[in-house]
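Here the chain labels run A, B, C and D in written order, and each chain numbers its own residues starting at 1.
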Amino acid sequence: MASLINRRQFTIEWGHCDPAGMVFNSRFFEFFDWGTWTLFELALGVKPSALAETFGIVGLPLVDSGARFIAPARFGDVVEMTSQVSEFRRSSFDVEHKLSVRGVLAVEGRETRVWAVRDPADASKMKAQPIPPEVTARFVAQ
Amino acid sequence: MASLINRRQFTIEWGHCDPAGMVFNSRFFEFFDWGTWTLFELALGVKPSALAETFGIVGLPLVDSGARFIAPARFGDVVEMTSQVSEFRRSSFDVEHKLSVRGVLAVEGRETRVWAVRDPADASKMKAQPIPPEVTARFVAQ
Amino acid sequence: MASLINRRQFTIEWGHCDPAGMVFNSRFFEFFDWGTWTLFELALGVKPSALAETFGIVGLPLVDSGARFIAPARFGDVVEMTSQVSEFRRSSFDVEHKLSVRGVLAVEGRETRVWAVRDPADASKMKAQPIPPEVTARFVAQ
Amino acid sequence: MASLINRRQFTIEWGHCDPAGMVFNSRFFEFFDWGTWTLFELALGVKPSALAETFGIVGLPLVDSGARFIAPARFGDVVEMTSQVSEFRRSSFDVEHKLSVRGVLAVEGRETRVWAVRDPADASKMKAQPIPPEVTARFVAQ
């Protein structure tokens, strides 16, 4: 079954770039983050800011992330980004992000996130929780 | 004569916000910067990344900026931003930015920028230059 | 009476700088913010993260800010920053920040902040509150 | 042979943190970047801003990076960060970053970077180059 793909197009801004004239690496992790929020919005029909309350979670904390930088993205470049869940596990999942410029893959990103609730034993902590099947079902491309 | 207005709509991202749940102040100065670049693109029909080369300038360095924070903008809020030149002087100009959320003015920004060329006496420095009248003429709303 | 001065020294990082090789303007507003938090720590002997709870406030929300950019700061430059309250009013105050590189003033910043508590009539809102005299007294240089 | 370790201590700022009150993930990649620059300064005795010119390179472009987020870092937390080269290859190398808060490992980062020169065939491109043995020799802890 194909996985739902979230597509976002945006333009590289002056403030994203470093003295080499290329996007500074940390910015890509901002792009990945937003890619995941909007993927969940697309799949679940819930605004990112309402996600936690709607599903009784504290959020989707990131436990692992990574990126491969294949080609530079520069000021004014139009980026096509796709984001999709590559794997759902019991209480965690992986999201893959691909950013292309002029049809060429520039950056590949990867995030592992957890479906997390407040720990009933300690409200200052989070605790992984099984992802409801009605959630994962929504990430299958129609 | 009315001044050309650049309009941009965007959504407040998780990473824009601080522990108070509101946009961290420095982010607004990123928004202002991009508002100015795209205002110049709208007025002059030149991509931001081609502006310097097209007009033989080194850029539009910022010499003064400011903001009034009137109402908070929060995660998921849709921001309507307008940017326009409020005054052109011989070699500098002021840009006004207004950001509204749900029809209510949230932030007012102000930038003073210089039309700058490389200093012929010292290539490591910049020098203000009169703004060509054919440039300023393009900022009048049709 | 002279005003207490908070001094901070730091080095401009690669990721602070834009394609012109100079600090991107929004970064200075991050520096100002931290300058104010650490000025309050110096004056009141309270860690920034404990300030709100110690004084029963929700924070020191920023209502106005501005900067003059006089000389560029570049990658590797060592910045000397001073921060001090220039005026206390009933429930708001102004902070002045000066950043120098190699003894030359590079940037002047200005923030207006409010001593704010949670609005008893609406917990989602903040409300200005008179600044306690025992707080303002601590900002006089000994 | 043990690898030279660069140690840096810094405090988590308000502007580093997101609405969950924890450091927003992209900030850690800023910290890693600076950790690598200052590790090279420690090893080679050359200021980061002079590194490219001193060694005839265009920089140390990042080709791969990643992080494991083990425990949160919050506003006001004092972070102890270590950075060291875990492996030198012919023209690339890996840097490991470990960030601890109150003695507990909070984040592990990993960067793969290239020793890159301007491509003689195309000045707009970069090209990997063998890392000089006198460079790698300096990363052995004394």
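The rule we apply is simple: a residue touches a chain if its C-beta (ideal position, glycine included) is under 8 Å from a C-beta of that chain, and two chains touch if they have at least 3 such contacts.
Since this is a predicted model, take the numbers as computed values, not measurements.
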*Rotation angle, chain B onto chain D: superpose the C-alpha atoms of these two copies and give the value as a multiple of 5 degrees.*
180
_Far-end chain from chain A, centres as C-alpha averages_ = C
*Which of the two pairs, A-D or C-D, is linked by more C-beta contacts?*
A-D
*asked:* Are the interface residues of chain B and chain C largely the same numbers on each copy, more than half shared, or largely different?
replied: same
*Per the centroid of Cα atoms for each chain, what is the distance between chain B and chain D, given in Å?*
33
*Return the distance between the CA-based centres of chain A and chain D, expressed in whole Å.*
24
*What whole-number Å value describes the gap between the mean CA coordinates of chain C and chain D?*
29
*Of all the residues in chain D, which ones touch at least 2 other chains?*
14-15, 20, 24, 26, 30, 33, 75
*Within their complex, state which residues of chain B touch chain D.*
14-15, 17-21, 24, 26, 75
_Of all residues in chain A, those that touch chain B in their complex_ = 13-15, 30, 33-34, 37, 47-50, 74-76
*How about chain D: which of its residues touch chain A in the complex?*
20, 24-27, 29-30, 33, 58-59, 61-70
